[in-house]
Amino acid sequence: MSEHHGRKGASWLSLSVDLVAGIFLFLAGVAGLIATWSLPTGTVARMGAGFWPQAVSLLLCMFGVGIAALSFTRKGELFELPPLRPYAAVFGAMVLFGLLFERIGMIPTVIVTMLVAGLASIETRWVQLSILAVVLAILSAVAFVRLLGLPLPVFWWR
Amino acid sequence: MLDAFANLAGGFAVALQWQNLLFALLGAMMGTFIGVLPGLGPLTTVAILLPVTFYLEPVSSMIMLAGIYYGAQYGGSTTAILANLPGEATSVVTCIDGYQMARQGRAGSALAIAALGSCFAGIVATLVIAVAAPPLTRFAMLFGAPEYFSLMVLGLVAAIVLAQGSILRALAMVVLGLLIATIGSDPQTGLARVTFGVPQISDGISFVPVAMGLFAVPELLKNIVWPEEKVALDARVNRLWPTYEEFRLAWPAVVRGTALGSILGILPGGGALLSSFAAYAVEKKIARDPAKFGNGAVQGVAAPEAANNAGAQTSFIPLLTLGLPGNAVMAVMAGALIMKGIQPGPNVITAMPELFWGLIASMVVGNAMLLVINLPMIGLWVKLINVPYRLLYPSILVFCCLGTYMVGNSVVDIWMLLVFSALGCVLQLLKFEPAPLALSFVLGIMMEENFRRALQVSRGDFMIFINHPISAVLLASAVALLLVVILPGIKQKRKEAFQE
Amino acid sequence: MGYRSFNRRSILQSAMAVVLAAAGAIHAGSAMAQDFPSRAVRIVVPYQAGGSSDLVVRTIADPLSKELGVPVEVDNRPGGGGVVGAQAVIGSPADGYTVFFGLNSLAINTVKQNPPYDVQKDFMPVIQIGENPQVLYVSGKTPASNGAEFLAWAKENKGKLNFASQGVAAPTHIAMVRLSSGNDLDIEPVVYKGSADNIRAIIAGEAHIGMDTFGTLKPFAESGEIKLIAYTTVDDNPLYPDLQNLEEAGLQLLDNRAWYGFFAPAGTPEDAVTKLNAGVNKVLQENEAARDALAKIGATVVGGTPEKFKSFVDGQVDIYRKVIADAGLVIE
């Protein structure tokens, strides 16, 4: 499955996908409860701001337990972590976009984002990508700022 | 009836004036191109292009804005099919089967069916407006908070039908969506809930980063990490036009979708959205081989596309007959009219018939134009998705980011995109489906709002949901549908248990 | 196996691409200490494009740019009841190139339990554009056409009536709560998302009483779907000749009106404020389209000096503080 990227994903602990899924849901429900703990719950008749989210969070926990329990009754696939680099590259590109866009403007940000995203794939050809990045950056600036008149920063001084 | 046709003829006289034809064409084109950009849905597009219409006459500017609206509606479907990128909520359903069709080399077919279906639906819906606008408006007035709530409950159950895999997991996704929907301010007191002190999400998280994070980004990564399937696909020849078989299956779906969309689109608020996935759910339930759904069933594209375009047309009705905009896009249109000195109100039809009928006629013309613009473009799109993925995916990613930013001119939306991309990837790895989550997220917000509002109206009396007849019927249908969905699953499990 | 570790060459190539792109763009000249205004002015509107406030601003923006000699852009930053836009302005440099279109919500938000900002500390008023009273209305089917009949009807149906609200922090909500308590009417709020929803609810009968601006209500009043009862100031307003004012209607309610104007972030140089003020005043006096737009929504043009606006806003903050406390409302 992941030969393309070398070592197999870590199948430590031999957890089945269903089990991890159940745990995830349970944790999500707990997170919901924690986040809305401080909100007034009120009663069924006069619901406070917290009633609905808390009820839903509880429900989610129950689903988590249910799915996790079911995972023991049948043989499911094992959970594997995917290789890190593509995820890091794509998420890194998005983070950079968020940090840079308002600071250095559209054209440099687009270029940087595309190049960092390029790190995700081993098939990236850097010259091609760089050219595409510059072209797209300029086209976007022309289309959004010039033609549509949106108040977006194009460089860091405008 | 005769009256309507006479008026319609007059409307065509207005719509076919050369300048109005030009504006309809321009509007549809601009709407399509901008709507194709991920994140820029109909609302943002109309708002951006609003200043362009300042210098036009009222009728012309409405024609242009309307063109932009349904053009953008169609553009959102294009990215849904080509890259699993839903432009707005109504395109989520198109992703499910449309993108699968694209992966099978049938992108051209999917785009064509979407275009043809939308055109048909748009024209039929327009005629519906012409003939039945006032009674439909009165029908819409019957829907108050309890009715909306029950409708949303029914919608949620329909969202479960959308899922391919285990019902249990789909239900879990629906519940998770409801939880995420609570982020924002409490609908009654305005108290900020779980906003982590970030005011930009105090009105709730905007749909665009959620959609992109749940659908587009995981798909992008999946194609990078596991490219084997992609390699096989690239080798396939991309068909530009549907086969006879596809047409045969699609056209009844289009008709059904149109009917659903026309009716639900009138309901201010979520009507148009509901119609697209109600249409999908209906198709899946009555199909002869439901297993195809989720794997490129053409009805799964035809019906929702027809439904959401029909809904887009009929959502004009509250604005034209009552003067009350039914959704945010209509509100912008209302603003445009006010700028021209026309108060949208109950009198518009009688006071300015050339506006009403001219607009209606131009909708017919505009939908036809969409076809003219989009069908030849299919060849272009198909070429575009055959660009080597190593160049395509960074471009898609960048456009996602740009589109997300432009929703509110704020990087907070980019952080939302990150959070939901992470969530989307986790869900993908855990084999959950994102569609029920996305839909319940959108519905959940409206559900809670209407639930609390209904209780405000009844001053705490829960019976209001049953005392109102429409609401009671909707709730009963929801329960019935739920049973229909769950029981076969249980029966199946018991069968399996017996066999062992 | 695994990723071909990308070599130095490709890193260099990417780096060069970025540098080239950046260097290729020649620095156009930053805003040094030149006379204000020397580049585009941005007006931040805390509402969605196309809304009625947005439209008022846009009718002013165009002629204003001719007055100032630089482009004037409108930047819509909706969200959070105006908070998102306000914070965008507070965070921007106080050089006069960013202006905020502020309304009553600026004052109301300042007196919340957890205020997101303080209009008196974080903003400098530039000029008041206009103001208009609110109008009390009911469904067309209600057996009441003026203040006296309204009170009679409301008292008869005490405990059964709802009012359509736009949220706890909305000025009309606060006013309605006062109306209810001041006249002993026991009306409960039902919260909707905006004027259109409110009006629809009242026409459909889900809510019974509402309050909104005249401009918004006019077409519905004309067609009879709703009936206007009174407007919420005590003095006579020539724009509403057919309606009663608060005194005539006999309603116990404080004078309240919607107001709006331009604000700059605190610390903006006086020179910029003066020039902006002069420019807008000129537009308000002379530009037909802008005056028209305001008249259409039933608003009175105000204009005036920054100082006048400042004392007005200070007064509003005090009034809201008192009114909210008196009504026992808790707004977080």
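In this document, chain identifiers A, B and C correspond to the written order of the chains, with residue numbering beginning at 1 in each.
The rule we apply is simple: contacts are C-beta pairs under 8 Å (C-beta built on N, C-alpha and C of every residue); 3 or more make two chains touch, one makes a residue touch a chain.
Remember, it's a predicted structure, so these values are computed and weren't measured experimentally.
With centres taken as mean CA coordinates, the chain nearest to the overall protein centre is B.
Among the pairs A-B and A-C, the greater number of C-beta contacts is found at A-B.
The centroid of the Cα atoms in chain B and the matching centroid in chain C are 31 Å apart.
With centres set at the average Cα position, the gap from chain A to chain B is 23 Å.
In whole angstrom, the spacing between the mean C-alpha positions of chain A and chain C is 36. Counting partner chains per residue, chain B shows two or more touched chains at residues 48, 51, 188-189, 191, 409, 452. Residues of chain C found to touch two or more other chains are 75. In chain A, the residues that touch at least two other chains are 5, 115, 118, 129, 133, 149, 151. Against chain B, in their complex, chain A makes its touches with residues 1-2, 4-5, 17, 20-21, 24-25, 28-29, 32, 35-36, 39, 45-47, 49-50, 52-53, 56-57, 59-60, 63-64, 66-67, 70, 77, 79, 82-83, 86-87, 90-91, 93-95, 97-99, 101-102, 106, 110, 113-115, 117-118, 120-121, 123-125, 128-129, 132-133, 136, 140, 144, 148-152. Within the complex formed with chain C, the chain B residues making contact are 46-48, 50-51, 54, 141-142, 144-145, 187-192, 199-200, 202-203, 268, 318, 322-325, 328, 331-336, 338-339, 341, 343-347, 408-410, 449, 452-453, 456-457, 459.
Contact residues of chain C toward chain B in the complex are 48-52, 54-55, 58-59, 75-81, 83-84, 87-88, 116, 162, 167-169, 188-194, 196-197, 199-201, 203-204, 206-207, 218-220, 222-223, 225, 292-293, 296, 331-332.
Residues of chain C that touch chain A in their complex: 1-4, 6, 10, 13-14, 16-18, 20-22, 25, 27-28, 30, 42, 73, 75. Every residue of chain B that touches chain A in the complex is listed here, in rising order: 34, 48-49, 51, 168-169, 171-172, 175-176, 178-179, 182, 186, 188-189, 191, 193-194, 217, 220-221, 224-228, 388-391, 393-395, 397-398, 401-402, 405-406, 409, 411, 414-415, 417-418, 421-422, 425-426, 429-432, 448, 451-452, 455, 460.
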